[in-house]
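You will see chain A twice below: alongside chain B first, and alongside chain C after that.
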Partner chain A sequence: MGIISRAFSGRPREPDAKLPPGQYLVHDFPVLSAGPTPRVPLDRWEFSIDTAEGQVHRWSWEEFQALPQETPTVDLHCVTKWSKFGTGWKGVSLDVLMEDVESAAEYALAYSYGGYTTNLPLEDLLDGKAWIVHEYDGEELAPAHGGPARLLVPHLYLWKSAKWIKGLRLLDEDWPGFWETAGYHNYGDPWREQRYQGD
Partner chain B sequence: MDYQDGNALAGPLSEIFTLDVTVAQGTCAGCGLRGPLAGLHVYGAAPGLVARCPGCEEVVLTLVRGPKDVWLDMRGAVSLRIPVTE
Partner chain C sequence: MIKRLNWRVATLVSTRQETPTARTLVFDVPGWPGHLPGQHVDVRLTAPDGYSTQRSYSIANASSEDRLELTVQTVGDGEVSPYLTEVLEPGDQIELRGPVGGWFVWRPHSSPPVLLVGGGSGIVPLMAMVRSRGKSDTPFRLLYSLRDPGQLFYADELEKVMAGVEVAYLYTRIAPPDAGRAAGRLQAADLIAYGWPPETAPDVYVCGPTGFVEAAADLLTGLGHDPAKIRTERFGPTGG
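Now for the complex of A and B:
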């Protein structure tokens, strides 16, 4: 038995079960960008899915808006260590966008207006896990947060949720994106604290 | 303005170079513009910084600082001319 009774050691503070390791909670919405904010007029906006087999599926802004919309409320986790709980979005599930896409690809490279890219296994975009969103907190998505539309993949670090999304390229082989070629982890699971290559 | 100037690279780069590399003359692989690294436009917050050419906004270098490693990616720099003493 130890010298100090358990009664004096106090009860350890319960870690917040919603907060991944190494993260802290914020209530504002920090803006982090790897470059200038692109301004994309809606009449020139389009979203494409290119398959590894050479097919292209393309939506104009009007066609995209006409698709079934969902309103996910999700927690966000940024590799810079902030997390934000209960963010409300409106957009189209990738399950809807992939409905008529036939491909045997296992990977996707998301690419954005402005040149940003990020890679994900295709299965991480399906089964209700990812959306292309165009509203945040009941308002149209501001350019600083990725508007007109951004990818939202909340179960991975936020750099995977590409702002100013322009399209997805479906690939047979994994093709690391902007940060993934520069030292960030290839997958980026916040619950396994996969921040850097080798984590 | 959503970027800092290239002097923001001075601290992180001093960890890996003994010289002050921000005074080095870089040549952009995108447009050929030459200038000191201190003149680059630096975006982002730790752990990842992105330095872009002030002429064409292409990425000249990225710097990622992890707890055990620093990744310096000079994807957009043709060369660095670094002044040295005789």
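Now for the complex of A and C:
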């Protein structure tokens, strides 16, 4: 426990097992990003997966929409301390997108329209843990929140859920992304409070 | 070996009231490693029963040994900001760690002109950049959007003529009679009149509430600024 702050009591609260350490609950949906919001027309949108072995799998918007859709409800945890419970999304599981992808890669670099990147171990994208989502709360995903489509990896801090996703590059070696080279933690597990490098 | 950002004890030395709802807190932080303008710190408060909570605040001062200044705007129903602006007194201690953030920073040796676009309390990290500029040759232009003259932070300092720093005040609700511009939201015409043309390839920093940042960044890219040169920092409505 840290030093006690004189005359600080905090908000009335009950312990909440769903809230990771250092987080507080919000009911709105704050926006955080590092630059202007890119606008991606759907007729030019595509999502691709490049393997370390040089194969490319590609989906147009229509092809992506025709894939089996799931509607996950998940809790979000942002490294800037807010958490939001029970958010509803619609999109395609990475298990579906990876079904025909053959690769021995262990890492993935997610890259976005606008140039954003973030890295994850490939296993964190599989087995029902990650989606490419295009609807939030029953509406098409707004550009400020990552529309037309974003990655959703709710078990890691939200910066790993790349907005405006364009593709995944599968890699044999880990390749730190945008925030990961700007002082933030390489993995970003909210339950271990891995906010910054060295946490 | 990556060094962890450890929690440090910070002692409040003095305060400066910026507006009725915002004040600058000057902390003594032994061993503070220094920072780059634009970076922030995490602040942690702990109640007697062990409950603790954290928030992030932008650093307002130029890098200085052992000394850290934060300017905090009270968020009405906030849990932390009213404590920092109304309860904390000189001699009191809090915990903080940082500096955090390696993207929304200005490195004083970089050469292109700098365009700063701030909305409301988004002025704070931009002021750290102005204060860090010192005698650098890099020309700065600051567009400061604020609701009315009563919301102005750092009034005395900004009103002094700073060679190489041009400041334009963009009042959104109530403009003083000599403002030379009717009250209203930031427009492309403001960026043309008071900013740098895209051909000069300025480094652009935009900070403020989400709606302001979205609008400003869209206007800048619409005018032809390279999106890769526009760095943004957003204060959500839940920054409290």
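Everything below uses one rule, namely that the second predicted complex is superposed on the first by the 185 of 199 C-alpha atoms of A that agree within 3 Å, B and C clash if a C-alpha of one lies under 4 Å from a C-alpha of the other, contacts with A are read in each partner's own complex, and residues count from 1 in each chain.
We adopt the following convention: a contact is a pair of C-beta atoms (placed from the backbone, for glycine too) under 8 Å apart; a residue touches a chain by one contact, two chains touch by 3 or more.
Not measured: the values here are computed from a predicted model.
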Which superposed partner A:26 touches (first chain B, second chain C, both, neither): second
Partner chain(s) touched by A:181 [first = chain B, second = chain C, both, neither]: both
Touching partner for A:38 - first (chain B), second (chain C), both, neither: second
Which of chain B and chain C A:196 touches, first, second, both or neither: both
More chain A residues in contact [chain B versus chain C]: C
Which superposed partner A:80 touches (first chain B, second chain C, both, neither): both
Shared chain A contacts, counted only where both chain B and chain C touch the same residue: 31-37, 80, 115, 144, 179, 181-183, 195-198
Chain A to chain C touching residues, read off their complex: 1-11, 13, 22, 24, 26, 28, 30-38, 80-82, 114-115, 144, 178-179, 181-183, 195-199
Partner chain A, residues of chain C touching it in the complex: 2-5, 7, 9, 42, 44-48, 50-56, 79, 83, 87, 92-95, 100-104, 210, 214, 217-218, 220-221, 227-228, 230-232, 234, 236-238
Contact set on chain B toward chain A in their complex: 2-3, 43-48, 50, 52, 57, 59, 62, 64, 66-71, 73
Complex interface listing, chain A residues touching chain B: 31-37, 79-80, 115, 144, 179, 181-184, 195-198
